[in-house]
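Got some structures for you, see below.
The same chain A turns up in both complexes below, where it pairs with chain B and then with chain C.
For the complex of A and B:
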């Protein structure tokens, strides 16, 4: 299948008090048309930075985005997002690539009604003098995300809605310009499980019915296992393993992935002791040249600390960055 | 029975600026349950179900509007009692440790209060001893809380609670702010403390998977009421109540799990 987005060697650094914090280190990711990929990892692994870096939302003096290229295929043309100017980038954000963030409360303006906020997003990318029924369009998208009484919601303020409803509004806002790619950064982790279930059902529907390409960022491996086509496991700013969801979950190759899967509590195994990973995720500025996981890994040898393992092929789709393989 | 809660009601009023009571929110309505010595009881429910309010009432941090909490058959009031029967661990360890106190000082204060001594009389050995119970024997006790990671801070909070030799430990969402790998460390620690010290624990969480791993018995709460209670295996494997079923079916299932 055709590749829609191809990220090559993307890195991102944050600047804080004269030190450079490398949050993302030479990441290669590709997304095919109609595919759902998941980016998984613990906090501090760079998964949210990746979303921001692709959309070039990290700027000086806060930080910088560097790398080879971010190829984005749009109507048979291929453009490199990294080389785009800010004005051109603005035409892509919210239209061709949309982002849904974790906190539904802070991503909407509290003093503006929902209809105006949705209309703004639509108008910015459809500049026309024609009289368009913008509330009608908004209502269509609110219905698409299964919000009850769209008419009422359209004229409410964000504080009048619950967290789950707000997240649906955010998703509707992300979809209103028919994007090619939807990036969702932990879209359900601030919500209750029953609400999460409803939102996920909707994501499944988007995947099956609208042929949307999605980048789904989450720390919840169980959620990912049911939803994604391919998975990228990240640790300390690098992709340590990538592969088809079935491969990652049935035959994980990197010791970190294996340990992470063993640390998950599971409903079918009550009372069983969980296997924990000793130590904690290292601070990004303190990682040496070797494998970042070596200090916590039970298989590590001297060479792990001194040189970075190459990405090794296990099968056509399954790669891992571990010396053992 | 170490603890019995009888018909507990809690209503919150929001007051207008003239002091008139206006809206009422029924946080708890008619809660009855008991905890056996040495058991881990899981309280599970979604946000707004009243599980945290119940935890606070058990610890005496909030007064119930109606009903009473009995400790070993006696009514307990936090003001009169000198002995600390219950200790609490909160979701955010960074917020529950005093940022201005070194970890050693915070633990020394707790140990002194538990033993009825002045803090100066507590030797460093005792502090080390209590830290070794939570697997932190190697840390520098002169460090401040911000110098530790989230998982370590949560263990320090647990050590501080244990220093007072409580009969009951109430853990309010102790792992939901932690990463998966660290979450497993803290969950295993809570189970170990229960096994080795025989401490009774109430484990409050929204995550039914975590509760299921830890608890012997589970209480499911919804809108201020207990909807189902029973042994962990039965609640998860064979739920009777519709809300419990809904809660369990909402948990994402890994289709590749063996």
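For the complex of A and C:
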């Protein structure tokens, strides 16, 4: 299948006082047309930074995005997002590539009605005449994300809606310009479980009904196993393993992936103690040249601390960055 | 809230005024034709020999029927004296408020958007200079430079001597010319404060999470500043508006005296100096009322700009 997005050696740094904090280190990710990929990892591994970096939303003085290229195929043409000027990049955001951020409560302007905010997103990406029924279009999308009483919601302020409703509005906002790629950054993690289920059902529906390619960022491996075609496991700003969802879950190769899967609770084995990974994710600025996971890894040897393992091929789709293989 | 606050204000100002050394009859002490007995009769006539709370009760009883009494000095009704001075004070303060908002808001936004740039630093220096310069000193400098040295602007009064002979537009122009210096003087302090505050608010809104989400939808930087940040930055500004009014009105006493502006502030100054109690209290009540009305407007404005504190079905 044709590659829609090809991220090559993408890095992102944040600037704090006088130091650079490398949150994303030379990440390579491909997204094919119609495919859903998942980015998985613990908090602080650079998942959200990846989403922001692809859209070039990290800028001076906050930080910087560097790398070889981010090739994006748009109608036969291929453009490199990294080389785009801000104004051209702006036209891609929310139109060709949409982002649903993690916290629904802080993703909409609190003092503007929903209809105005949706209309703004539609209008900035379309040359519209005045008499177009933008509220009608917005309503169509609000219905699509299963919001009851779209008319009422359209004229509400964000504080009048619940977290689940807000996240649906955000998804509607992300879809309103029919994007090619939808990036969702932990879209359900700040919602309670029953609402999570409903939102995920909707994501499944979107996957089936739209010709949408999705980058799904999550730390919830159960969700990922049900939802994604391929999985990228990230650790401390690097991709440590990538592969088909089935391969990752049945024959994980990287010790980190193995540990993550072992830490999952099992419904059919109650009473077992939950395993956890000793230690915690190192702060990005304190990572040395070697494998960032070495300090927590039970298989680590001296060489792990001194040099970064190559990405090794297990099969055509399955790669890992570990010397064990 | 409104009424108890007003009563509290009057009780305090009434007490403070009577505790202040000196009395309305001090002026007569130098007059050899008025002896101690005459002064005492005067005292009794005004009821100043009564205990303070009786005096207050009497005064308050009259005030609720809108009778502020008569001036000790010229026997005219206090309310009449105030009402003929009020428009001048309101005019001056409304202009000052207008100038503060018209200058402070863009200046604050500009220095926030171009944070740490030359523009930002330049505005900061200008603003701090304005803020640290005492208003009376600034008034004197402005009067010297624009009034005396260049002779461009009148330095005192509200209208020129030939005002009544001017055409309508001539009158407006004359009035505006007289307004320039007093308005600048009274606006500078609030201006400095407001523009710094606006800068801080805009910076704070810029750091909020929703700004990133809005950018991710492709809204331009200009759109973010003019629509999204501005709307949110207005909220604390409205609260400040309520705080600004008392300081402006309090400042009127100083500015109006310096510029011989025929307003309520100057009336108050004269009344305080000659211990004209009814006038002092009358002006005090009106100023307190204006302040409270300002706060009320700010509260209403607050609901207008922030939907989160509005009641909606």
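Basically, the second predicted complex is superposed on the first by the 324 of 325 C-alpha atoms of A that agree within 3 Å, B and C clash if a C-alpha of one lies under 4 Å from a C-alpha of the other, contacts with A are read in each partner's own complex, and residues count from 1 in each chain.
We adopt the following convention: a residue touches a chain if its C-beta (ideal position, glycine included) is under 8 Å from a C-beta of that chain, and two chains touch if they have at least 3 such contacts.
Predicted model only: the values in this text are computed from it and were never measured.
Of the two partner chains placed by the overlay, only chain C lies in contact with A:101; chain B stays clear of it.
In the overlay built on the shared chain, the residue A:124 is in contact with chain C alone; chain B does not reach it.
Applying the stated contact rule after C-alpha superposition, one finds that A:222 touches chain B and leaves chain C untouched.
Using the contact criterion defined above for the overlaid structures, shared-chain residue A:213 touches neither chain B nor chain C, since it reaches no partner. In the superposition on chain A, A:184 contacts neither chain B nor chain C.
In the superposed model, A:259 lies in contact with chain B only, and not with chain C. Using the contact criterion defined above for the overlaid structures, shared-chain residue A:167 touches neither chain B nor chain C, since it reaches no partner.
Note: no residue of chain A belongs to the chain B contact set and to the chain C contact set alike, using the contact criterion stated above.
Those residues of chain A whose C-beta lies close enough to touch chain C in the complex are 52, 55, 57, 87, 90-95, 98-99, 101, 103, 106-113, 120-121, 124-125, 157, 159-160, 170, 173-174. Within the complex formed with chain B, the residues of chain A that make contact are 42-43, 192-194, 196-197, 200, 219-223, 225-226, 245-246, 249-250, 259-260, 263-278, 280-281. Taken in their complex, chain C has these residues touching chain A: 208-210, 212-220, 223, 227-228, 231-232, 235, 305-308, 312. Taken in their complex, chain B has these residues touching chain A: 46-47, 149, 151-152, 179-185, 187-188, 191, 206-210, 212-213, 232-233, 236, 246-257.
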